[in-house]
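By written order: A, B, C, D, E and F. Residues from 1 in each chain.
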Amino acid sequence: MTLIKQLTDQEEFVGFYLLKELEVKQTNNTPAKDYMDIVLCDASGQLPAKYWDASPTDKETFFPMGLVKIRGLVQTYRERLQIKIMKIRPAAEDDGVTLTDFIRSAPIRPIDLVYTIKQTIASIADLEIRAIVSFCVDKVEEKLMHYPAAKMHHHAYFAGLAYHMVRMLELGDFLCKQRPFLNADFLKAGILLHDIAKPEEMIAQLGIVSDYSVQGKLVGHISMASNWITEAAVRLDYGLDSPKVLGLQHLVLSHHNLGEWGSPVQPQMAEAIALHHIDALDAKLQMVEDALDSTPDTEEWTQQIRGIENKAIYRTKL
Amino acid sequence: MTLIKQLTDQEEFVGFYLLKELEVKQTNNTPAKDYMDIVLCDASGQLPAKYWDASPTDKETFFPMGLVKIRGLVQTYRERLQIKIMKIRPAAEDDGVTLTDFIRSAPIRPIDLVYTIKQTIASIADLEIRAIVSFCVDKVEEKLMHYPAAKMHHHAYFAGLAYHMVRMLELGDFLCKQRPFLNADFLKAGILLHDIAKPEEMIAQLGIVSDYSVQGKLVGHISMASNWITEAAVRLDYGLDSPKVLGLQHLVLSHHNLGEWGSPVQPQMAEAIALHHIDALDAKLQMVEDALDSTPDTEEWTQQIRGIENKAIYRTKL
Amino acid sequence: MTLIKQLTDQEEFVGFYLLKELEVKQTNNTPAKDYMDIVLCDASGQLPAKYWDASPTDKETFFPMGLVKIRGLVQTYRERLQIKIMKIRPAAEDDGVTLTDFIRSAPIRPIDLVYTIKQTIASIADLEIRAIVSFCVDKVEEKLMHYPAAKMHHHAYFAGLAYHMVRMLELGDFLCKQRPFLNADFLKAGILLHDIAKPEEMIAQLGIVSDYSVQGKLVGHISMASNWITEAAVRLDYGLDSPKVLGLQHLVLSHHNLGEWGSPVQPQMAEAIALHHIDALDAKLQMVEDALDSTPDTEEWTQQIRGIENKAIYRTKL
Amino acid sequence: MTLIKQLTDQEEFVGFYLLKELEVKQTNNTPAKDYMDIVLCDASGQLPAKYWDASPTDKETFFPMGLVKIRGLVQTYRERLQIKIMKIRPAAEDDGVTLTDFIRSAPIRPIDLVYTIKQTIASIADLEIRAIVSFCVDKVEEKLMHYPAAKMHHHAYFAGLAYHMVRMLELGDFLCKQRPFLNADFLKAGILLHDIAKPEEMIAQLGIVSDYSVQGKLVGHISMASNWITEAAVRLDYGLDSPKVLGLQHLVLSHHNLGEWGSPVQPQMAEAIALHHIDALDAKLQMVEDALDSTPDTEEWTQQIRGIENKAIYRTKL
Amino acid sequence: MTLIKQLTDQEEFVGFYLLKELEVKQTNNTPAKDYMDIVLCDASGQLPAKYWDASPTDKETFFPMGLVKIRGLVQTYRERLQIKIMKIRPAAEDDGVTLTDFIRSAPIRPIDLVYTIKQTIASIADLEIRAIVSFCVDKVEEKLMHYPAAKMHHHAYFAGLAYHMVRMLELGDFLCKQRPFLNADFLKAGILLHDIAKPEEMIAQLGIVSDYSVQGKLVGHISMASNWITEAAVRLDYGLDSPKVLGLQHLVLSHHNLGEWGSPVQPQMAEAIALHHIDALDAKLQMVEDALDSTPDTEEWTQQIRGIENKAIYRTKL
Amino acid sequence: MTLIKQLTDQEEFVGFYLLKELEVKQTNNTPAKDYMDIVLCDASGQLPAKYWDASPTDKETFFPMGLVKIRGLVQTYRERLQIKIMKIRPAAEDDGVTLTDFIRSAPIRPIDLVYTIKQTIASIADLEIRAIVSFCVDKVEEKLMHYPAAKMHHHAYFAGLAYHMVRMLELGDFLCKQRPFLNADFLKAGILLHDIAKPEEMIAQLGIVSDYSVQGKLVGHISMASNWITEAAVRLDYGLDSPKVLGLQHLVLSHHNLGEWGSPVQPQMAEAIALHHIDALDAKLQMVEDALDSTPDTEEWTQQIRGIENKAIYRTKL
């Protein structure tokens, strides 16, 4: 079975894939005919596809996020590869294929990521900080097993959010050793809480975000996390003005650094400065790594990356 | 007794005034001599003053925010009036002068402003919204009697915040009648809550802000108000995701309209759009009215006003 | 007859509608076939439509802004409704349908709007201001009966400009009562003149702007209105430097507030500050009200609105 | 007599100079003493000066813009030269000094500049354009003999505005020859009219601007010139919508290129594009030439120049 | 043979043209059919074209940048002209047509442009500057015969870069006469070197840029030119810190004026200020002239021009 | 001997300090008297000082960057501490004080920093990259022993540049381990070269920058480093277009990320993205650490830091 990323122009192939997107459209013919405009994917990447001969039965058979077996032909359309589907059927139980094999995932198992997160919480020395972090993480623990970190920007895949948190924790750990004046409890807490409300801000399935929630649009994950810290303090009976509560809220509220990037206050604690830069460094490098990974080795340049000032990245050669 | 605003160049005068600011400095003479660099004010305005012959006793007698009796001479320094203090003594009890007579105040009595605010809360039909608004206003009710709305920008005087709220309520009332699709409960609540955390964001005395609080700097009044709504919901046992809680938080969070002006989300409810514009309209017109009021009638132009794109305002003539 | 706004997917219907836009295009078939790409509208809204079987006769029968009777089928294309026209004929005289019934209009009759405008002019106490305003309004009086206030931004419908003026006058009236230091003559005049040259800046028919005039592009409605005030002063024999002429020009020139929004000078009179904010408040709230009106009640969110920072508006729920 | 520009540190000198600015201030001594804070200038440049022993008589003897004879000592204060005035008296009639010898002027005689301007008007082939230009230039002809082009930015000296116009006409002449598709009449007219209202926008004496006029602040020279063109058309009985009137207004209104630089419309005629760039090129090069001229030859770098992105200019060496 | 620019709607015509772009696409029919999506051009302009009946042989016969003979029909599609190709064959040798007749070119012969450039180099008095300029120009001399100055922005045609240089030299020559304080050697050198690395930054054929080179993307023509000056100095044994080397590098590095336009330093020499404005003036006027030239005389407005703030240009009428 | 940082108001003290800045000024008295306006520093910080009784001999005795023994009194002026010097004499040889004891330095010995840099160069596997890096570092090796990294922004002290490089190398090392797709040779080289031309861009003594060099202003350290790489390639006989030369130039040119921050190209290699963020992270955290270090422990907030969006930093409390 050929991986999406390995398909080449004019190749005819057979294999199982995921219908990531599917829309029934009509041709301009008279009479107009139905066809399916599809995005096919597997763990290696995705390609647009057309199924020109969609029957009325087909329209009731195929749905987004379903697994299918396909015979297809690779064509070039507007300088990009596109698949013409010649035959298609739903995957059956005895085909032995599993949904999660076909989606892009973090390179570490979700269960291990969440374990690391739990261990880190346990390592926070200050009891008040530890309790508040624990309260907030518990709210979304189940979703941490699979939620992406963003809709498209970075870590946009299965368990991408937890993966982002864990890599940031490694960086934070290094920095606390390099610069002992940084408070490790606050920095760990900031990393764990900064995007903790994202699973309630976005609506996602299998690591793919379909929309933002009403709360996500009206309040936004930054203020939601701040509200959760308030809730934690009230329920755990900590003073709302305690330096720890204020410190945690400050870390969350300021981590986008500037007002035009969504932060109502700017970083004013050493750990808040560190948090913003760790977040930026990890997100940008992951975008670059993911873009290089999903670019065929024969290509010198990746696609343009929106988060990298919309620049394409040149494959370093030595 | 001559009002500050009425003093003219070379005039010699005697009267009671408030020492709004006072700093002991030293001349460049050898040996250097102490003098007092002062800002004198009354309810009509303020002027810089110098007291050149400050004795050691004087330094222990006079403090900022104290009332004094002064014999002075008005001089011109760098095209601006300045007072040379010839004689000065603290006001005594039997002088019959009261601190609040010497500070700038809203043109309506604080007690009447707070009464209007209370009446408005009582007029909110929805019980959940009314309870949350009431909870938040109660937190600062005492401070509403005297807090300004800002450090310098607008309504920067005794009870300026409550005055701003009341004028905005009038405008909101008009708009709800002109455009019945607006929800009056949400608009009233938005007006009452949008700046409700300012008394905890700023440290003020007699309507004059001396600094921002630690919480004000690290969290800011916008997120503080959002947190208070969360606290209210937890304590009053409303769901944190109820449309009313989200709506109130949205109103507060979005009222500065843009990220670069401090709002983490942009207005996305009709009442939030209305709230932002009512706030802007009332604040700008008040700045203009106050600037014209404190400009001598003989002047065509006010001082430059920072909140009005740093423009001076021309006195309309007909 | 079903209103456009009430049509639902897969519904088959018959009714009269307006051909707001019509373009003959060709399919990609060989041989290519002509079809008509249409926008159908009535007073409740508009929808795209396709007429696939356009005959040569059809091409000479149907034109934009014509009324037609249609039998159609509602389909979904790219998540939006679209009409497939099955039968179409021009409306005949005895069908009893009138063009103006099918276009979007201000909710107040044009004749009443213009009456209010005239009454307001008559209420201006200062003779010079009244005469200049009258001169400028007379230039476009006939067009005020039907011109929109903008191409797409806000009040983009039949008599939208006059409606915008009248609502602003109500707001201005309220403000002059709330803040008596504002000069009512200048504020009324500013409201009446600020967009008065728009009917000569844009080319519109039935409330729909098709283009900007050459003068509109090269000079723009702000400078055009300033020039009209100059013309009025010359013809009425007022001094070009009189404070009233300068004041009126200042109100018009500054009402967009900032250079990047088209104002060559920034507001520097109290009434100019008020005018800018009244204009913004009325335009924004109308955009929101219109967007909510034209969104089916079942939808939580409106379409994105360009003038509201490109945000969709959430339907307030209580 | 030593020129200001040639004075060196610790030099003692005697000569005639102009009191460009003069303010009586007071020392911090007790009792405070009056002294005069002065800016001395001649045609070569200017320097700050202090006259420490100002007597009451002196205060009634010396005024800004008066000629004086001085004995002074050059000192260094904050790395800049400053003059300590030891003796000072007003210039007498028989001293044989003339005010205009002491002010900075354009390098061409005003009468010759105005002659060139008149000749250029006469060379405009189109009668309507010529008449409108003539009408507007006539309004300020007398002031063209001495007005500067700006308060500080560029050509800020005696007859600077006329000089700027004449140099631009030379450039425009070259460009019309290099690119014959440009219309010479429109380009000449645009150059002559673009800043024509500046003498009414600013209040100046001897080439030195002291303030902006009320009209200058409320309307601005760009809209004033547009209004003058309207007035010309009304009085000369040309249609306000004639392509020539619109073209001239467009040239004037768009010559600052962008809204944030004061132009309500952007250039949309070839001659308007040319006008903007000719204006920029001439203004910037003049700022550089003037800065180099007023910098002692021994200095590698000029002062920072606000109009050149606040950069200092390096003296080219070959 | 009809020029592209002269073709009108519904006209049937026969003639030779250049296939500027050609892509084989597929219709949505079932079975899908191949057709060719083409851009046809000659020296007067270009138009999109469709060839619906492309046979397998056709796909191997026609390529971009090939000359063809066509019988076509002009149609209107989305308000723009488009050609429907009815017959097409490759041009044969004995058709007597030459590629260069069909491409847009500078109005002066390349050989004359390069001659002027060579003469200008010879006229540079300073030996070091002359040698460095000569070294850099020699690197791309052959490409100067045909390279454009940009991909789309301005002078985007055969020998456009050399033409841009020559027109700028004329302007520089005029300015050095008008303002003798400018150093002619530096200004000539700056004009010759400012874009000298563009032929290595872009990949072009027949005046049409297809892409940027790797070096063009990673280093950019501004820094490449600076590096070439360094290389020249090393190879010619001039000190890298000589004022002439620094001056030339400064001219090149600063000619885009601002960081956001690509210049790492801002102009700080008189000749650098002049260079930037000469470059802007020449580029903008050429864009306008070219846009007017390629607009049918019957049109009042050109297409929108990206380099002119995305404005269309109005054809001046007198 | 009391450290500068430990001095408190009204304290009288005796000790050795460095005259970091010294300017002779004059009082406004009549006759004016000379006094010295001084900045005193030691390794712990700095304070302004006044020496009111400067004799003519004093003026020839004391110079900036000289060591002195002082008896002084700490006073408060405008809410800041300031020293009144009562007695002052130059340090003598047998006082046993050394200049370098009084200046702020990196916390690691310069010789160790340079050793680490040398070791890192030796560890670069690729010979061409290693040779080019070595060539460039050799140019400033001696200056690396003491140059700061910036004038004020960050690492503005003795050997600050080498310290910045070494901390960045540690971070780079960590990242290459965390993300093996990064090329360690390029990342090391980028870190070593990114600011390598700063010692020639700035004029510094004892870690204190007094000015920028002519080359620094006209070319800037970013382009200077690019030129050095060119020089290295020419002298070492590597092709100027080799991927390694281009890669190194790209790293240097793009490390400020955006045009408005001085980079003529934006990062387009994975290592260039990493380099920019490592640079930012290290610089910002160092600013914060240094600001906290030089703030008395009793203060909650540091001074405002220009590089941190002009924010003060709150001392984290746990």
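The definition used in the following text is that a residue touches a chain if its C-beta (ideal position, glycine included) is under 8 Å from a C-beta of that chain, and two chains touch if they have at least 3 such contacts.
In this text the structure is predicted, and so the values were computed from the model without any measurement.
Among the remaining chains, those touching chain A as well as chain D are B, C, E, F.
Note: Cα superposition of chain C onto chain E, rotation of 120 degrees, nearest 5. In this assembly, B is the chain whose CA centroid lies farthest from the centroid of chain E. Farthest chain from chain D, judged by C-alpha centroids: A. The distance from the centre of chain A to the centre of chain C, with each centre set as the mean of the Cα atoms, comes to 43 Å. Distance between chain centres (mean CA atoms), chain B to chain E: 60 Å.
Mean C-alpha position of chain A lies 40 Å from that of chain F. Shared interface positions of chain D, i.e. residues touching 2 or more other chains, are given as 28-29, 214, 217-218, 247, 258, 268-269, 314.
Here the chains touching each other pair up as A-B, A-C, A-E, A-F, B-C, B-D, B-F, C-D, C-E, D-E, D-F, E-F.
Within the complex formed with chain F, the residues of chain B that make contact are 23, 25-26, 28-30, 32, 214, 217-218. Taken together, the chain B residues at the contact with chain A in this complex read 214-215, 217-220, 222-223, 226-227, 230-231, 234-235, 240-241, 246-247, 249-250, 253, 258-265, 268-269. The residues of chain B lying in touch with chain D in their complex are 27-29, 33, 35, 52-53, 75, 77-79, 84, 300, 314.
Residues of chain B that touch chain C in their complex: 126, 167, 170-171, 174-175, 178-179, 181-183, 185-186, 243-244, 247, 257-258, 266-271, 273-274, 277-278, 280-281, 284-285, 288-289, 292, 308-309, 311-314, 316-318.
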